[in-house]
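The letters A, B and C name the chains in turn, as written, and every chain counts its residues from 1.
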Amino acid sequence: MKRFFSVKDVPSIADVVQEALVLKAAPYDHQELGQHKTLGLVFLNPSLRTRLSTQKAAMNLGMNVMVMNMDKDGWALETQDGVVMNGTTVEHIREAAAVMGEYCDILGLRSFPKLKDREEDYSEDLFNKFMKYCGVPVVSLESATRHPLQSLTDMITITEYKKVEKPKVVLAWAPHVKALPQAVPNSFAEWMCKAQEEGLVDFTIAQPMGYELSDEFTAGATISNNLEESLNNADFVYVKNWSSYQEYGEVYGVEDNWMMDNKKLSLTNDAKVMHCLPVRRDLELSSEILDGPNSLVIKEASNRVWAAQVVLKRMLEDLV
Amino acid sequence: MKRFFSVKDVPSIADVVQEALVLKAAPYDHQELGQHKTLGLVFLNPSLRTRLSTQKAAMNLGMNVMVMNMDKDGWALETQDGVVMNGTTVEHIREAAAVMGEYCDILGLRSFPKLKDREEDYSEDLFNKFMKYCGVPVVSLESATRHPLQSLTDMITITEYKKVEKPKVVLAWAPHVKALPQAVPNSFAEWMCKAQEEGLVDFTIAQPMGYELSDEFTAGATISNNLEESLNNADFVYVKNWSSYQEYGEVYGVEDNWMMDNKKLSLTNDAKVMHCLPVRRDLELSSEILDGPNSLVIKEASNRVWAAQVVLKRMLEDLV
Amino acid sequence: MKRFFSVKDVPSIADVVQEALVLKAAPYDHQELGQHKTLGLVFLNPSLRTRLSTQKAAMNLGMNVMVMNMDKDGWALETQDGVVMNGTTVEHIREAAAVMGEYCDILGLRSFPKLKDREEDYSEDLFNKFMKYCGVPVVSLESATRHPLQSLTDMITITEYKKVEKPKVVLAWAPHVKALPQAVPNSFAEWMCKAQEEGLVDFTIAQPMGYELSDEFTAGATISNNLEESLNNADFVYVKNWSSYQEYGEVYGVEDNWMMDNKKLSLTNDAKVMHCLPVRRDLELSSEILDGPNSLVIKEASNRVWAAQVVLKRMLEDLV
């Protein structure tokens, strides 16, 4: 594996999930793979789960880890070619990426969208240039449009907790106070659509009018503006807020109640409830669910380690 | 050991000090204990000595260490239950602590008091919730009311440098320009009171009127408002500023001279002078003392490693 | 080696370069040297290349690494003796350095000049006091007046890519938008002057009037205000901006075109072009050069690892 950026980088979801579960059962079985190998984690934005779980995964594999918090170092990167760099950007991504590639065998990059210009964000220009110029395998720690380690984690968690062969999975929009990226729902949708193709799940997306995700990620999914209807027979409910894709980055008032709570849960097939965290309690998701038996959110966060570990393992295997 | 938060977490001061001194003599004797074990250090406030010494102690024991500086990531934690999280807090401590517990075998937490509301600070609400929800052993890296790694360090240092069986130890208030927490003196007092019970020291506290610490920490100590008298026959003088407990967080002007200097030192039994650092030179403590033969401040800071290491060792031993 | 601060800390440039190249060929040959040894990296200013390459070098040698970003912790250090510390500095360098020396076997320190007071910057007061009080070997990660790891790297790179026995090396001033320190050019000049003495290079400095470096670093170099003339027959061109030493920290407008580009490159002996990075594209150095076959900037950055590794290796060998 040379890059882990979208679901397209994984030939088979079933296979990669199985391999992750084998690693979970025996975390230290491949320490020789990481010997004398260095993972560099570059954060242009803050991170808690991603940072810790990826670091842990790398250490499980015997790797060294170096972390760069470039958001706080004020190390503004230039991404455009052909500009005279007489402004505020201090280094071009061509040099910055290439240099980090010299010091690391694998790089991870986190870079959020600005939510101002859809075309710019969805071009994934920064991420693509970083991958192009660094010269080593790159794992996305969340980019402008996708969060693939989260989605792989989610599929691992669904596989562990499913009670039926082919569970019904509902991605349910939920309210928030801030305008959030579409990266997590985009990514979850593209992974679930592929999982549906592989016969692993039935996938439905429920969101208010105006919050439709881009077709690019949702082809094959059942899409609805009616949350109650969608929850019928659901085995997993994946709760998440996102801002509008159409009116890019906008947040509209929503009349109906879209917060996930026990009343809505009663419409499901005793569904397990998931969320990528951090979650706004009693705004996105009720405390009664989060503190109750149907919540998988902590186990899901815990599985981030095995998603990262299987990706790093595949990259290490392809290094030599 | 499941937690290290106060002196109550240590059955015998004499025993834990002896065990620390054994580790100091052979730092790498227990590397197998830490193999594949991860220590997470969570800083809600800045740290120099605590961060480095605890990291070093963990590495001596063969552990991996992951550091989270949450003060700088703007990762504001919600600690209250039953609030709709539509404000500035981005994650509830229930989730944040539980997730960190999934990635780490032992957690350390530093969290200073706000010095606004005594009841809130002294409830140790944040710390207690963190311990409750993370699900793994927690070592305090300084909480609102205590700094137990510092106090254990101090007892180790007193044990190493005492010239009499049962030395006289004086905790002496000193001036400062800022309103400082009571955590270090509270903690020192509760450790010395217990050490006195064990027959290890004679303990006196000297502070100006209005700077009395809470009884909860000082029961058994000789308490005085007369520094010169208190210093008589002292073997160790522990210099430290703190703000008022009664008029919570206040700093009053003090008429007499409470800075520790050579003139005051001449009243003692050639006492060794201690301070937890950082120290304000020539405000809390004179340069002549700090640069002279009676200062133990650097050796004391050095001993932080062995305090942390004995605590981590006991926690690792109880993990399995 | 007890310190690495200037070229004077290296008896023979030829020897240290050879030793670095041996390490480059076999990076993990000395892992026993670093066992149970800790490197502390203290950054009073931001760093990308220096941080990652020095960390990598230490790990190659089997060392543990602890990083302190003191610029962001607001840990303002007092450096003057005899002042009452009742202001904004929270700790005296006497204590801070001594404590870090207790936790680490070797320390690295980065500290930029303020560019306000030449005498203060060029006294290297902070650096000298840090070395004096920490009690362990110190490697400069760039100080007010020098960046020796960069200069050693540059000499390694010149040695690898030279096509003639004694290449002509030109340090060429280039434009910038900010007032930059003289540390990199000072250091490069003192290393090249010594290399010239050892018969390894011919060294020329070209800068506009008013940008002359201090004699202390340039004795023996050919110095010119004519860039085109200087480039004649050059084998290596080292491009770098710096602010004025005479009118300390000033930046004057420069009439002529001092940006390095292909037209100027055509005056050379097909010279390799170097820069310590970060570089302002099309301001200091043209994109056509940076993206073309004559640029060594990435390979140069890569060599930072071997410069750091040979220095740390020599320090480790002298520890016992």
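Going forward, contacts are C-beta pairs under 8 Å (C-beta built on N, C-alpha and C of every residue); 3 or more make two chains touch, one makes a residue touch a chain.
In this text, all values refer to a predicted model and were calculated from it rather than measured experimentally.
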Copies subunit A and subunit B touch via same or different residues, half shared test: different
Angle (degrees, nearest 5) of the CA superposition of subunit A onto subunit C: 120
CA centroid of subunit A to CA centroid of subunit B, Å: 40
Shared interface positions of subunit C, touching two or more other chains: 72
Footprint of subunit A on subunit C - complex, ascending: 27-28, 46-49, 51-53, 55-56, 59-60, 72, 177, 277-283, 287, 290-291, 297-298, 301-302, 305
Subunit B partner contacts - residues on subunit C that touch it in the complex: 36, 38, 40, 64, 66, 68, 70, 72-75, 78, 81-87, 90-92, 94-96, 98-100, 102-104
